[in-house]
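Chain lettering (A, B, C and D) follows the sequence in which the chains are written, and residue indices restart at 1 in each chain.
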Amino acid sequence: MLARNEIMPEQLLQQIVNGLLIGFMYSLIAIGLTLIWGVMNIVNFAHGEFLMIGMFASFWLFTVYGLDPLFSIPICFLLLFLMGVFIYRFIVSKVMKGPMLAQLVVTFGISIFLSNLAVYLWTPDFRLIPPTILQGTWDFGEINLSIPKTVASLGSVVTSVCLFLFLRKSKTGKAILATEMDREAALLMGINTERINSLSFGIGAALVGVAGAFLSTYYYIYPQVGGLFGLIAFSIVALGGFGSIEGAFIAGVLVGLAQTLGGFFFDPAYKYAIVFMIYLITIWIRPQGLLGW
Amino acid sequence: MKNLSPKHVTVGLAVLVLLIIFPMVVTQIFPLQIMILVFMYAMLGVAWNIMGGYAGMFSFGQAAFFGIGAYTSSFLLVTFHVNPWIGLIAGGLVAALVAAAIGYPCSNLRGHYFAIASIAFAEIVRVHFNNWTLVNAAEGISLPMLDESFINFMFHNSKVPYYYIMLAFLIIALVVCYFVATSKMGYYFRAIKESHDVAEVLGVNVVRYRLMAIMISAFLSAMAGTFYAQYVLYIDPESVMLLAVSVQIVLLSMLGGAGSVMGPVIGAAVLIPIAEVTRVWLGHKGTGVDMLIYGFLITIISVYQPQGVWGLLSRIGNKIK
Amino acid sequence: MKAKSWVTICLSMSLLLFFSGQVLAQGVIKIGGVYPLSGNIASTGLDCKRGIDLAVDIINGKYGKGLDLPMAKTGGLPNLGGAKLEVVYADTKGEPKNGMSETERLITQEKVVAIIGAYQSSVTKTASQATERLKVPYVCSDSSSPTLTERGFKYFFRVSPHDAIFARDWFQFLKDVEKKKGKKIATVAILYENTEFGSNVGKYARKYAEEFGYKVVADISYAANATDVTSEVGKLIKSKADVLMHASYITDAILFTKTFKEMGFAPKGILTMAGYIEPGYLPAVKTDGNNIIVRSTFALDLGKKKALVTKVSQLFKKKYGIDMSENAARSFMAPFVLADAINRAKSTSSEAVVKALLETNIPAHQVIYPWKGIKFDPQSHQNIYAQGGLVQVQNQQYVTVWPFASAAKEVVWPFPGWKGEKK
Amino acid sequence: MNKAICLDVKGMTKWFGGLAANRDIDFVVEESEIVGIIGPNGAGKSTLFNCITGFYKPNSGKVSFFGRDIYRMRADKICKLGIARTFQIVQIISDMTVLENVVTGALLRFSTIGPAIDKALDILAFTGLIDKKSFLGTELTIADKKRLEVSMALATQPRLLMLDESMAGLTPVELRQIIDLIKKIRSQGMTLVIVEHVMEAVMEISDRVIVLNTGKKIMEGMPKEVCSSPDVIQAYLGDKYRVVC
């Protein structure tokens, strides 16, 4: 059902802006996932729950210590990093050698466990961090930008760039990329792939932790919040292509736009269906994803 | 492992007899409800196993086929007063057709990509049914309460008929799975699971055999779907097409032991009672403890027992021999 | 091996039923409460449970004779030798299939004589089908799907108003407020989440918009778990509707409220349902909730007109340390209706209780809502006196503003715009 | 003297982005002869195999098998027509026993399991894996894996068998065994095309040898001529001792 009365250009622009804002957020969430996927060929179905943990972490840091989410970002980063390393060391690394199905299922187990742990510890209630130093909107004529969302998006872009530079420039980063391209070769080159794995898993989790902190500045928080975000992240990663950081970033933005504009021009009820549809069509034409190899 | 040894046969028959007399001994409704659920999920697991365990297509979208089955028969019953038993077959066929339609474009997807594609597909189906006014959209379909009879596939005063019907369905599924596993198809499925290259070099038409697997699996899942509709008498997308249902199916198959005929049955027999009993005993406290245990279990098993309970049993069995 | 595992299962089963199959204890009347006590909406389920537990305590005379509520004075059911009421709860996890199986279990194994619950309409559907099959009375006071009482069930009764009534109230309010404030309202936008609840409201809102002569300029359904609703709000802004009518759950209510403000969507009025009155809503959005109007059967300030409400809500606060919420209040009434009927029936036999329920006539002063009482329609078994009211959030409190007769405060109209919003 | 033409390849060309892995290669294989294809690493031997057997889609050329055009045909169809092959990196079904592996191959010509198993047993006896028939694929040595792969290929009852580096990375003893096996297969009148990096082995068993270098066919002839050809020596210079992976 197309728009009844014709659309003002600024309304369209507003939608594009909104699409970008949520899109960048998706990108950051997806990049963590694609890193894990790329390096150790594991789909982390608990990624959405990692996001949830990140959000709760920033919520409690605010409620208990009055720490503004913006400042709790480094803490969330560290916290989720440690959690990621822990989960890899004691759970995921154990199934790496095991059958493919076990690899798929184990992270499902983790996700069920985490989300219900959250219910157990913090009740299923909905929480929201009251307007922090980030609040209100910037208005440019008819276009208005939510300040928290804008900051979050910028933050996610910056974080993504940092990761990108880290992978390209630093020695460890190069090692991670090498492992991602060819684990045997990496082994031959004397890279300790086990260390690289736990490191990448940690970083992947840490990134989504940062995403959680940013998201918590304007999004409500509850134990099942990760679900849909996680689902979208998977399709973004697969859309962007197996383990491709750049791919995930671009795909994230595309999905953000697709969902917003799709919702605006067609039936909002279908906006996620549209996203999944795009994903299916893409992998049909290009099974390795947009930038996959 | 493929062919039935006399030992297997005797044990199997013993269990079957046990199950047949169970409702005569146990008159309480709660155990019956649990057993019916066990059978239903076991059937879904067996169906999943054909495409997942044997052909290596790890589908996380079985709920779509389950739901399509439930919806087809219910829609036909409510709108055109078609007998549920005919609806059962119709549902199976529709599901198989849809499966083929989605399976063909996905025929070169493997592993994670297939898994995620299946989730995407199931979500699209769910959203569509949620907005599709022809099938009552989100309101769902309430089945009319016809007077109880086998022909109407409806029984109001007792669960026992449902119990036996579902048991029969499960046995049908097991027989199908057994024949698939021990036939040419089974060998080819396992070749495909290993890699498309090895399958093709042995002259296997990968696309065709993958489609076969998906369609058989979809048909059986849809049968279970029709049963669910007749059993609960109300269906809506949020209860029959949920991702949680798909995941449940994969989890129990994997837990029982994917790639073995009985695996999913064991999985269901262990997981469903745990889930139900913990819900009844702990659920009302409102602290997700039951699910907490559940998730923990899944994790531990996939780490320490990735071949599933069945793998464990057969290994013990070999030790004894 | 395999046989063993099966045997263990069967054993555990029989053990289980050994424990669960107790006989009806002397002088206790068991009724079953079917609620989502775990899973996504457990918090709501537990909220309903609080209301019911309080009601049962009152019926069993725990709080003395001070309260003007059925059975409160006698304590227990006099016609059944002062038998006490006991609620056996079952958890549905919010899944329809559990609604059915738990109801059947409660009736056949726990031997309950009636059922109450189950909050979600989809679950109530299957639960009430079970009671209909097993011929056991079901009194529902917290599911609002109109379809429930359109099925002509013999054993199903509903105390609370349903969504069609609520939707109608929206438009009735518009008519009244137009008269009162002399501001013309021409167009409405209908916004609803796309599960059973939302799409039903949408359906009836369209129907009544026509009846009352308002033009629907936007008709938008959306997924309740949306990660971002800017496109929906974009459509609303584009529609330039005078009034927004929104049927939502709590998560989307929170998300929309923030997005309205952020995108500066400020129509003349925002009329809402359900999610906006969940206990979690106001704490989450704080002042942003102000001036939003919500349909409601209950608000603490009803006490101003009804002493009973204050007494009950004080007991509630004493028992649980929190204010009585709308959910708790809605569920609160069901046990009284049942107790009253069973008492008059002088028996717990289904037929007798159903007959008594049909003759139910609880006067206005014994009801904690602004109703003329409780009396069931002989065909639909819907409480004919059940009606909604509208409350408005005024400095972070729900205050009754409509019907104007029972209003505690003057309604703020039109919507003054968002606090701290640059215009 | 004039035997039937088994395989006829004309102008086979395959591009990978900028570089040509095969540039119009022509050659003919007559029925029941052994043709060896040699060349240094990256000469395009395996690519040629993949193009012929349908695992790559060549950019241009013609391929006919007993006069039947199989150019760009799907791999499984080609297999059904009677071309079996092995891979440079061994391809077996790891969670199946040796027997089951071979049965899977045999099923191409049988629709039921029984006869397929009989056939498989014959082949295992022939290839000398019979006493390992209940081992899992993963439990085998490299040599046995390669032997198993050959057995699977034979099980599809081909008219042409194409072996891709079946001798790479074997000990001298194993090398001997595999050479004997190939001779044994040949003695049954099977046509073979063998890609090998190790020249000696090829020289011993081939009737004719084709030499590839940088995607082009640089010469073709009797093993002796090839050995003595300066171009070949040149192509192989310093290459002979490279580790074959």
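What to note about this one:
Following the convention adopted for this analysis, a contact is a pair of C-beta atoms (placed from the backbone, for glycine too) under 8 Å apart; a residue touches a chain by one contact, two chains touch by 3 or more.
Fair warning: this is a prediction, and the values are worked out from it, not measured in the lab.
Minimum number of contact steps separating chain A from chain D: 2. Ranking every chain by how far its Cα centroid lies from the centroid of chain A, the top place goes to D. Central chain (C-alpha centroid nearest the global protein C-alpha centroid): B. With each centre defined as the average position of its C-alpha atoms, the distance from chain C to chain D rounds to 74 Å. Taking the mean of the C-alpha atoms as each chain's centre, chain A and chain B sit 32 Å apart.
Per-chain CA centroids place chain B at a distance of 36 Å from chain C. Chain B and chain D have Cα centroids lying 43 Å from one another.
Contact of a single residue of chain A with at least two other chains is seen at positions 119, 124, 267, 269, 272. Among all residues of chain D, none touch two or more other chains. Residues of chain C in contact with at least two other chains: 38-39, 42-43, 194, 221, 223. All chain pairs that count as touching, in label order, are A-B, A-C, B-C, B-D. Those residues of chain C that touch chain A in the complex are listed here as 38-43, 194, 217, 220-223, 225-232, 234-235, 237-239, 250-251, 254-255, 258, 262-264, 280, 283-286, 420-422. Considering their complex, residues 1-3, 5-7, 9-10, 12-14, 16-17, 20-21, 37-39, 42-43, 45-46, 89-91, 93, 95-98, 100-102, 104-105, 108-109, 122, 125-126, 129, 132-134, 147, 151, 194-196, 198-200, 221, 223 of chain C touch chain B.
Residues of chain D touching chain B in their complex: 53-55, 74-76, 79-80, 84-85, 87, 91-96, 100, 103-105, 107-108, 110-113, 116, 152-153, 155-156. Those residues of chain A whose C-beta lies close enough to touch chain B in the complex are 37, 41, 43, 91, 94-95, 98-102, 104-106, 108-117, 119-120, 124, 223, 231, 234-235, 238, 242, 267, 269-270, 272-273, 276-277, 279-280, 283-284, 287. The residues of chain A lying in touch with chain C in their complex are 3-5, 7-8, 11, 14-15, 18, 21-22, 119, 123-128, 130-131, 135-137, 139, 144, 146, 149, 218-220, 222, 224, 227-229, 232, 259-264, 267-269, 271-272.
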